[in-house]
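First subunit A sits with subunit B, and in the next complex the same chain sits with subunit C.
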Partner chain A sequence: MAAENASLEQLGQEFGQLKGKPRSPMGDAVREFKRNKVAMISVVFILIIATLAVFAPFFTPYGFNVQNTSYARAKPMTPYVITTDKYELCHWKETPMDFGCTVYILGADGLGRDLLSRVIYGSRISLLVAIIGSSVSLIIGTIYGVISGYFGGKTDDIMMRIVDFLWALPVLVIIIIMTVYFKALARAGATGFAGFLIDLDQAMGGLLFMFIAIGALSWLGMARQARGQILSHKKKEYVEAARSIGAGNNRIIFKHLLPNIIGPLLVLESMAIPGYIGLEAFLSFIGLGVNPPTPSWGIMISEGYLGIKSNPHLVLVPGTALTLLTLAFNYMGDGIRDAIDPRIHGR
Partner chain B sequence: MTRYIIRRLIVSVPVVFAIVLFTFAVVHALPGGPFSNVGEKAMPEQMRIIMERRFGLDQPLYIQFWNYLKMLARGDLGPMMRMRSQTVNDIVAQTWPVSIQLGSLAVFLAFAIGVPAGIFAALRRNSWVDYTATFVAVLGVSINNIVLGPLLILIFGVWLKVLPIAFWGAEPPWVLGFLPKPTWQFWTHAVLPVFTLGTAMSASIARLTRASLLEVLMSDYIRTARAKGLKERTVIIRHALKNSLIPVATILGPLLAGVLTGTFVVEQIFALNGMGRQFLMSIEQREYFLLSSLTLIFSIMLVLGNLFVDIVYAWLDPRIRYD
Partner chain C sequence: MSSNNGSKKDVLLEVKGLKMYFPITKGIIIQKKIADVKAVDGISFNIKHGETLGLVGESGCGKSTTGRAILQLYRPTAGSVRFEGKELTEMKGETLRRQRREMQMIFQDPYASLNPRLTVGNIVGEPLEVHKLASGKERQERVQELLKLVGLNPYFVNRYPHEFSGGQRQRIGIARSLAVNPKFIVADEPISALDVSIQAQIVNLLEDLQANLGLTYLFIAHDLSMVRHISDRIAVMYLGKLVELTDHITLYEDPLHPYTQALLSAVPIPDPYIEEKRQRIVLEGDVPSPTNPPSGCNFRTRCPRVMDICAEKDPEWKNMGTPENEHWVACHLY
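Up next is the complex of A and B:
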């Protein structure tokens, strides 16, 4: 009898839950994500890096381009004895803290620039690339894929042919050639629209061409995915229902289709972010990325790896930063996938 | 199937042509030419004009392109303009095998480690084996070639001093035109570059294999197979594995692109005389013919690679039909 009562009570509680607030799929996903410890730690880590990046001047002991050649290739955490003739170097105006001048927490590079400062400033590039890369790819890819999938027929044929064509190109080779072309133009000086682009790129420290490169590479997969999602959804009953009560194309796309297909697209996009960060590092490494002295982790590694035998910290410091950030984005992407993808629910 | 392959090849001809035309136009539009300087100094004006005339650089671009196409039709990839003891054919014959060897060894390593690791992790799900494998795989995906290469050099070359840190261990003449002589020197030199290139790939293959095998293991036909009393071994090997490898095959496409990107970096880090390094050098030195020809080869390899990937899909998944 008592057991029966208990189970009844349980049932009552479950009913009580049912009577509570209705749960939305997004709310479920967020709740699921919050239960994932590793993913949450990654998000916190990324937020910390983002804070450091945004407020870099407040957290860095030196500017990213402040050279102090007396301390070139200083080892991490090594105190340097200040001799009187070198002491004045410690009092130059860019040095905010006196004691900091004797210890480079993460060492200094070949020009005597503080590695900690450069790594923190370098995170700006990686994070910007992550944000811009994913937004560009998500926006262009989704718009393209939705138009192609929703309107179908000839439009779809032509649009997908274009994607197929671009897919078959050795995009990386083309990007390298284009980047070299623009960089060479920038050196030779150009006018008109090209000149305007080049000035803009210079002002952004070489980031503009990076964004163009990443944007050109990344939206193709997203467009295919968005189209596939639209194709599988547009014949469903809820779309028919919406149409039958007189909803127009815009309303169906924005109110009904997009909210339903955006989940898988977000998953795909979050999984792609580490790729953008890696691509930036790669391009900067082979000398086609951001312009020095703007610090990017890829450039720092390429400057350091030839002297790795005597000064491993020049590679290890930016390398660790790059790996940790990529790791965090990977874990975050996995977390988002597990939270949104219903097939993996409850595993 | 044969008709499909032939049609794909025919369709890709204009693609390759467009790429080569594009490259040819852009590299010729680059400011500065192959003869604008000798070392650090500028080449005398008269000399430059004579040199440019010798290679036909003074003619209009479309004539130059037409001449280049005629050269290609003869199987001649063009002359080297700055290093005239060699032709582009020589350079390609030396460097193409290096990139191919590096790339295929890395892909082989990726599957040889990735697939078993993924299967093992899926079968021992939620055990420490699984957790370790999963963590190592995420780490492997996250570590960039440009970090892993120097790191391996530091550990195995500088600290432990057990492996050579630069150059490819085999040289022309190649066996059959592209194979290395499998000497001890070759294998020791290959270890670090191949691991640098293959680690990320094997990690993503392991992750895919694990996820896909887990999904297959929960499907109805596996339950049926178990219910009719088959041994677990048979269930896994005969029923689960082949189907779980279909999604893994989808990585072949991105893998091709990854190998291409990777060889650029790895050849740079380990000072290997491969195509990626030549490509970057040819841009720097404005070797128009070398650059165009290398782009041509990259494009052809990509087209053939994608075709191969599609054929593998069809072979693995009978539901896919091309006609």
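Up next is the complex of A and C:
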């Protein structure tokens, strides 16, 4: 065995030895991503937010709907004490903090609910929307686009015309009309399928229609992108080579095409996540998203914006959270793109 | 040539009247065919066991399409392809898939023909997996054996294609095509994407493999000197049709068709004294569009010896040599 190994070594010398460990394209991309500081910070930030969201009860000082009307519109980091029926500022020097003083780190909203607790619970909605939006769009969009692009011909024509048609619909308007319609039905007491939808929506805190909205919007672009990628890859020689050795459609799609097209699709998806978060905030802001008292950053902004002059923190706190999370997803998306597309390396 | 011993051999592959048209369509959902690209327009030849048939012609004349249509990677529009007597054009699904074990392809571009996401072991081992010939350790051993056979270090199995040079990648492609022990290999310009120094290595490798494994090649190329070196017989193609087909010596010494003569006159001779006296036949004009080829003989628009009959009748594909030493040509001059 040793002798054979030696001869193999010789053979290796003869035809050029390769140095180092094997480097897979995916491994290269991960390494490149890890070298990108901004992207890594963003990922850490998103992970922290995700941890806070999952374990919200452990990190929040109050529940998201615990009201203490005496402290309504309390300012951030300001100690208060209650005297008779209204609250006054605690005096730092004379009154020690633990003597009847209450501090809301980020203040309290108009109903006296702790903003910190609500902003942490609100991140649940934003992250959920990000997850639902991206998985719906990745799964449905990719399957749809791959089928359309791979089989081509009439199938492709019909499937892409459907996408064009849906793309042309004013989805937002339809979602608004649908939500208003179902909410009206709910008040009238609906039965049957509509009633089932309303019950489900209620049980999900008003999230169902938002998911329908985001799901309906998000996969169209992904389907087009996936189809385009398939079209460009299916004519390549390695696919022809796979066919010439007798590989079937399933093998070609799953073993050859998908691993090669998934990179650009992931990039597109990570770039689209801020859009879903923004859409949720928008729908909640105009009152068509999450039902109160479930906190969502959009609802918190809409509850606070009327008093923006006297109590700017009611808008600033959820607004900042929204901006930071959106930024983090954007930078992460940029990082993934730079890692996967080697042409952008070493700008 | 290892296998050019003059004895009459059995025919391995028989191509008759092969046509490959690609339709040009118009319309969005209801598509109308408005024209055809006649990439291959009725060609016939056969390949004998253990020989190498060279197929030459300029870019876009249908050489690669011919190779792919033979392997049923494109389904031919018309004509028959018989491999060991079995009709390939009628095969479908599982039968065709099993038939692919017998016939493989080496691709032109070693950078595009290997999936960048798979390791060399998976690329070379894929045919074994697809045809359920070997798995696990057995497969690994067979892959290493194949890598050795094509002159690569068997320890490269865990490497990815991007870590190799063009020549090494072409060797990987060759190892993949050999994995299922095929009888017949279509080599589609396997050397044209490589450096000249590497070209010789790959051609020598192909010749060694042929001698050791008894392979039959259809060697597609546009480099006449390389084709002359490797082929037993050579077919010359122009605009979807064969114009001349004979053994490699006769073709170079006594070309009959004006197109072959023009092609050969363009080959430089590595001897400055003879090279100085070389007369080039320069063809006028461009290759006509394969969508709308000229009437009669395809070559008449550029032929230096064109006659009236060329526009009216398709030249016949006839044997100008002996039954022993065939020399097929399609030209009204003969």
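Observations
Note that in this section the second predicted complex is superposed on the first by the 309 of 347 C-alpha atoms of A that agree within 3 Å, B and C clash if a C-alpha of one lies under 4 Å from a C-alpha of the other, contacts with A are read in each partner's own complex, and residues count from 1 in each chain.
Keep in mind that, in the parts below, a contact is a pair of C-beta atoms (placed from the backbone, for glycine too) under 8 Å apart; a residue touches a chain by one contact, two chains touch by 3 or more.
All figures in this text were calculated on a predicted structure; none of them were measured in a lab.
By the touch criterion stated above, A:165 is placed in contact with subunit B alone, subunit C being left untouched.
With both structures placed on the common chain, the touch criterion links A:237 to subunit C but leaves subunit B unconnected. By the touch criterion stated above, A:323 is placed in contact with subunit B alone, subunit C being left untouched. In the superposition on chain A, contact of A:175 is made with neither subunit B nor subunit C.
Residue contacts after overlaying the shared chain place A:302 against subunit B, while subunit C stays out of touching range. Within the superposed three-chain arrangement, the count of touched residues of subunit A is higher for B, of the candidates subunit B and subunit C. In the superposed model, A:259 makes contact with subunit C only, not with subunit B. When the shared chain is aligned, subunit B comes close enough to touch A:315, but subunit C does not. Of the two partner chains placed by superposition, A:106 touches none, neither subunit B nor subunit C. Put simply, subunit A uses no single residue to touch subunit B in one complex and subunit C in the other. Interface residues of subunit B, counted against subunit A in their complex, comprise 12, 15, 19, 22-23, 26-27, 29-32, 138-139, 141-147, 149-151, 153-154, 158, 214-215, 257, 260-261, 264-265, 268-269, 279-280, 283, 291, 295, 298-299, 302-303, 306.
Against subunit A, in their complex, subunit C makes its touches with residues 28-29, 31, 68, 71, 73, 97-98, 100-101, 104-105, 107-109, 112-119, 126-127, 130-131, 148, 151-156, 158-160, 162-165, 168, 173, 176-177, 179-180.
On the side of subunit A, the complex with subunit C involves touching residues 8, 11-12, 14-18, 22-26, 154, 157-158, 161, 236-238, 240-248, 251, 255-256, 259-260. If you check the complex, the residues on subunit A that touch subunit B are 165, 167-174, 176-178, 180-181, 184-185, 187-188, 274, 278, 281-282, 285-286, 298, 301-302, 304-305, 308-309, 312, 315-316, 319, 322-323, 326-327, 330-331, 334, 343, 347.
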